[in-house]
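Once you scroll down, you'll see the structures, which are given as structure tokens.
Below are two complexes that have chain A in common, paired first with chain B and then with chain C.
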Partner chain A sequence: MEKFENAVEVLKNNLADAIVECRVPKPRKAYILLKPERHREAISLLLKHVEDAELSTISGTDLGNEIELNYHMACGGTVTLKNRVSREKPVTRTITDILPGANLYEREVFDLLGVTFEGHPNLERLMLPENWPKGDYPLRRDWKPNANQEGESNSEEASQTESAAELDDAGSVISVVMGPQHPLLHEPERFTFKVDGETVVDAEMRLGYVHRGIEKAAERMMYFQDVFLVERICGICNAAHTTCFCQAVEDIGNIETPPRALYLRTIIHELNRVHSHLLLLGVAGHLLGFEALFQHVWRDREPIMDIVERITGNRLMSGFNAIGGVRRDITPNTVEKALKSVEEVRKRAKFYKVVFEEDATLRLRTEGVGVLSKSDALKLCVEGPVARGSGIDVDVRKEDPYAAYGEIPFNVICYKDGDTWARLMVRAEEVVESLDIIDYALGNLPAGRLRVRVQRKQPEGEAVSRVEAPRGELIHYVKSDGTAYPYRVKVRSPTLANLVAFPEIIRGAYIADIPAVIGSFDPCFSCTDRMVFLDTQNGRRWRWSLDEVNNSKNRNVVS
Partner chain B sequence: MHIDCRVTGCLSDHHDRFIINLPVQPISGTKNSCQRRKKLNVCMRGEGVFQKAASKRYPIQVPHILRYNRLSCIDTGVCSLSPRNDQPLHFADLFGYNFSSGSTASGRLLNTPDLGLLKWARTKSPWLLHFNTGACNGCDIEVVALLTPRYDVERFGIKLEPSPRHADILVVTGPVTKQCKPRLETIYQQMPSPKFVVAVGACACSGGIFQGCYNISGRLDEIIPVDVYIPGCPPKPEAIVQGVAKLLAKLKG
Partner chain C sequence: MALDLIFFARVLVFPGFLFLLVLVLFFDWLERKIAARFQNRMGPSYTGPFGILQPIADYIKLFSKEDITPKQTNKLLFVAAPLLAFSLFVFALFFIPIDGSNVVLYSSFEGDLILVLLLVTLANFGIFLSGWASLNPYSEIGATRVLTQFLGYDIPLIILAICPAFLAKSLSIVNITASQTLPFALLIPWSCVLFVIALQAELEKDPFDIPHAETEIVGGYETEYSGRKLAFIKLSEDFQFLIGAALVTVLFLGGAHGPVLFGMPELWHIFWFMVKTIGVVFILEYVGNVSARLRIDQVVHGNWKLLIPLSILSLALTVIVEPLLRSVIG
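== the complex of A and B ==
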């Protein structure tokens, strides 16, 4: 709390001439409109004077004549620095030299809104599919679907043929391609690893296979419908997304959520976290070749799915949160059953923690592999278990309590090692913490209403909402123009924040370590891709996967 | 001499030629099992290897032990391969169907009256290839959950297979994004015939909530033919098992 007030004071004292407007409508949420091109000074100031300040994301909004860039800085709360650029000539200065972690966010804005960041090291028109028409920015308000979408068919084919020669490798460095269809990844993404012998010297990512355009879709649905849309950003952490979105809308509409609803939200949110972490621990076992661990952990995850199904009616998509509360109550009978299951799972979770601590093979495979130092982690703005594995004590639930977290005692798990093992251990211990939270919340459930009536129209305004999703800090930014439809919804998922650090971490590791390191990141590309498409260094190149190379040869042989 | 063995392979027509892919392992506990394992634990691919195995005079009983499938009521089609003057065995002889010419032959070795090894293998060990074409992970998690102890589809011989070349059934989750569409088509082409497609989840069946989004190509059956639709958001693992079982029933004819 003090950190946040300190941050606002610092800005007011040192940048008084640059601040046009400063609003603090809610505790720990500040919106500061700056004069054009003063954002770099403001961000430098925050980084200098506030401990562990990080950039959460950059969101762009098309206001009609201007494009507003919101730099959401996490420092005890969220300080949103607004920098407006003209729509006719959308150019501004980059902040990647001050904060390398802004790299992907600026590219996202560049691609979807057409704002140019001067001085960005690698600002290329890349985020949408290869064949997306140039100068077509889907997040501008006047953008119409299918206006320029003709002739989309063969251009990818063409770009594949062009760049087949690029697989020629220089010297002893060889490119190894993984994905988009690869047993290691259950989601379609493509990594290109440059390897020298067995050592990875560089990594490139190509995302966007899961890019569906949810932010645009959210603008054409009403607020209460959008809850179901944002839920489908990610099937694993759906409760985090709905909680975050509902909080933002409740902020805008000044809606008071009943305490019982807050507790129920917390319970579902934590159940989500438990199943997500167990899922990852199992998958990590699978990736390390520890198949028995995978099967055991997933078996023990089933009781959690059963509780979720009992409470919400569905195993994954809970459809539980609504604006102004929750949609279902929990019966005493269910509470009793849930407590029993939690007890069971807790025993197993403690056992798995011991497995991760004591299994010699597992430690050999993960210790000292993919190390991310604390200073690098801060510079690259990583979030969640990845940051906590590197010794950064960051957790939105503690720092900026939402739902019922202010009243529930729990510990933030933090490891200093920064390696793959530490990131896995953070999750293993968090499972136990989360089970304790569920236990407490179920035992101290306040009585009262489930939800308040909410009008479809929301007043004009804007809100930033943060929650701690299983993979880290999740941010929703909602802007309302006074109708029943949101003017802009912006989502920043934790995986996007963490992916910036991936090439840094994998450099120097062995090929055999790639699965372990990817696993310890717990990447969730359905969250990440909803709006983003990037290729960190490779420009517009297109490479063939090994499968495709085989395929073309076969085709030649056959024909 | 007869050696019990289990079959964990799949059948596929690779390179325009039929290949039988049978890693043969003697069941442990028999005398000298280590020795036999050494000799026989080869992945038999193609007729050449068949000949080699046969010429060493190891008649192979296919398949006697069905523990792998955990189904007791399999019409086993017990057959023996015996060496015949060291002549290579031709697949048309084995299965009664020539894939390259489409002609039928006697199927003198493995063709049981109405259920050849081919069909048997296809229905008893369907290998799935899972491809996510833009799903939210909900369906994907449920597909993976199928493999874990509570649902355990391996008892039907179902296995998730990483390579399209070896897969029989393509399981697709999610609405098809524009970025994924060419990949999906490539993967479908790479799969050996006969191939089957299962659309898992509301998005794959109809586009779901993402209908009309700017980066969506459309529902799955606008792009490749679909055999089974499993609706739900996400469908429960039981529903997916039922969908696959329906597909298997269809295969049996």
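== the complex of A and C ==
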């Protein structure tokens, strides 16, 4: 909290001439409108004066005649620095030279809102397909999905030749493409590795294979409907997304959530974390060729799923949070059953911690592999267990407590090694920590109402909301124009923050380290790719009919 | 004529081709079942009693599937390599005395141990060629890994196979088996343990299943294969597994020899051979299931810096203690 106030003070004192407006409507949330092109100074100042300051994300909003770029800086709370550029000529200076971690965020804004960042090292498409028409920016307010669908076609061929050229191999270096379909990945993204023998020389990634246009769709639905939409961004951390979105709307509407609801949210949120971490530990076993570990961990994850089902009615998609509270109560009987399961899982979780600590083959494969130093981690703005594995003590639950976390005692797990092993150990220990939180919350459930009535219309305003999702800091930015529909919803999932670091640390590693490192990042691509609108009816330009697929197969293959 | 009938019956039915095939399928099932129980799963359970027919069903499915040859590949190699590997493995198995004598009667000769090891080596080159002919980055990396790993573990494997031969004063597998009144595993346990470790690598089982690490290089050398050719690759892998387990049995565990209680000695031979081989399979699977996959550089280091010196040491040790042991063997 001190850190946050310090940050605002620093800005006020040193940049008084650049600040047009400064609002601190809620504790640990500041919105500062800067004069154009002053954002670089502000960010440099924060990086210099605030310890462990990171960029959470950049969100762009189309205001009609201007595009507002919000630089959400995480420093104890969130300081949102606003920089406005004109809509006709949307050009601004990059911050990647100050903060390399902004790379993907700037590309994202460039891709979806058409803002050019001068000085960016490779300002290319991030989310949209290569054959998306130029000058079409889906997140601008006047963009309609159907109007622009008849652009120039057959870019399928163009993108194919492009990828063929990419793969032109020289000398002993060959390109190994992993994804969009590859056993390494459980969701479609493409990684191209340049490989010399067994050593990775370079890595590139291409995101955007699972776009569903959720940010755009959210603008067309009412707030209470959006809760169910954001839930579908990601199955594993659905409670994190709904909690985050509900908090943002409650922030805008000044809604007081009853304490019992906050505790129930916390419980579901932590159950999500436990099952997500167990899932990842199992997947890590699978990625490292330790099938037995994989199967055992996943079986021990089942009791958690059973509790979630008992409380919410669903194993995965809880549908539990609502604006102003939660939708279902928990009975004493369920509490008793849940406590028993938690005890059971705790025993196993402690055992797995020992496995990861002591198994010789696991340690051989993970220790010293994919090291991310603390200074690099700060520069690249990584989040969550990845940051904590590199010795950065960040946890939104501690530094910016939400829901019931302010009242629940728990420790932030932090390892200094920065390697794959440390990142996995952070998760193994967090499982036990989360189980303690659930234990405490179940034992100290306050009585009272479940939710308050909320109007469909929300007052004009904006809110940044942060939660600690299983993979790291999740941030939602919601802007309201006084109607029942949000003006803008921006979601930044932790995986996008962490992916920046992946190509950096995989260079020079072995091919066999790729799964280990990817696993330790716990990527969730459905979270990462969420915002592009792909109309399945009109999107046929880049989809092949069955006949075409058959023909192309015959072209390339003889049987 | 009578001799010919016995010859054909032995080669084609028992203990030749048909029997070996059934045996291989049985071990395939056993392997899967053991792995499944280690992983807290059921394993095959629907096809036949306890799912024992599952491997047959799988091979029938593979044999009936579309067989694709990618356009750019070297077609001759691509087709021939899996067949070559398969037939070499089957041929090698013909020299393992399953019911006390070789498949072809009286075909055992002084030096057939070397022949079997040579055939296994050649068959592994066949596997390498199958990956190399595929012209796929995953296959190429997989094939390179087969060779890299192979160069490391084949040498210690052969050195260690010499230890029992030295004790038996014979290079013929039948003689080695026959001279084990006490299993060599008890006399020279150090060689036996090292042999099993080298074998684990030879069979590409965890922690040495690097050539087909699926999360890195998909199917490794077999990525491009499908249908019948894939079935032959899978079959040769299964045959290799049987040969590996059988080699431990005949070299260190006394092979088909064991107490004959009643009835036909041949049946007892088969029985003891099976019991011992299943024991070896269990050990191999156990090791495979409690370890993560190592990295190729770690395996190469381990092989050249650890396993080869150790195997030479163990051969030396065997030579030194041989006079002592001789009194035990009698």
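Please note the rule applied: the second predicted complex is superposed on the first by the 518 of 559 C-alpha atoms of A that agree within 3 Å, B and C clash if a C-alpha of one lies under 4 Å from a C-alpha of the other, contacts with A are read in each partner's own complex, and residues count from 1 in each chain.
As a working rule, a contact is a pair of C-beta atoms (placed from the backbone, for glycine too) under 8 Å apart; a residue touches a chain by one contact, two chains touch by 3 or more.
These numbers come from a predicted model, not from an experiment.
Novice: Let me test your reading of the model: by the given contact rule, A:198 touches which partner, first (chain B), second (chain C), both or neither?
Specialist: Once the two structures are laid over each other on A, A:198 reaches chain C alone.
Novice: May I ask you to decide whether A:208 touches chain B, chain C, both, or neither, giving the answer as first, second, both or neither?
Specialist: A:208: touches chain B, not chain C.
Novice: Taking the superposition as given, does A:279 touch the first partner, chain B, the second, chain C, both, or neither?
Specialist: First partner only.
Novice: On the A-aligned overlay, A:182 touches which partner chain: chain B = first, chain C = second, or both, or neither?
Specialist: A:182: touches chain B and chain C.
Novice: Check whether A:253 is in contact with chain B, with chain C, with both or with neither, and answer first, second, both or neither.
Specialist: neither
Novice: Compare chain B and chain C by how many residues of chain A each one touches, and report the one with more.
Specialist: B
Novice: One more residue to check, A:299. First (chain B), second (chain C), both or neither?
Specialist: After superposing on A, A:299 lies in contact with both chain B and chain C.
Novice: With the two complexes superposed on chain A, say which partner A:359 touches: chain B (first), chain C (second), both, or neither.
Specialist: second
Novice: Kindly classify A:90 by the partners it touches after superposition: chain B alone (first), chain C alone (second), both, or neither?
Specialist: Touch status of A:90: no partner.
Novice: Following superposition on chain A, which residues of chain A contact chain B and also contact chain C?
Specialist: Chain A residues touching both partners: 182-183, 294-295, 299, 557-558.
Novice: Can you list the chain A residues touching chain C in their complex?
Specialist: Listed in rising order, the residues of chain A that touch chain C are 174-177, 182-184, 195, 197-198, 285-296, 299, 359-362, 364-365, 510-515, 556-559.
Novice: Report the residues of chain B in contact with chain A in the complex, numbered from low to high.
Specialist: Checking each residue of chain B against chain A gives 15-16, 130-142, 144-145, 148-150, 160, 162-164, 174-175, 177-180, 182-183, 186-187, 189-190, 208-210, 212-216, 233-234, 236.
Novice: Quick check on the complex: what are the chain C residues that touch chain A?
Specialist: My answer: residues 35, 38-41, 66-71, 137-138, 140-141, 144, 206-207, 209-210, 213-218, 289-298.
Novice: Okay, in this complex, where on chain A does chain B touch?
Specialist: Touching chain B: residues 128-129, 131, 138, 145, 152, 156-157, 180-183, 186-188, 208-214, 216-217, 228-229, 232-236, 238, 279, 282, 294-295, 298-299, 302, 314-317, 524, 526, 533, 547-548, 551, 554, 557-558 of chain A.
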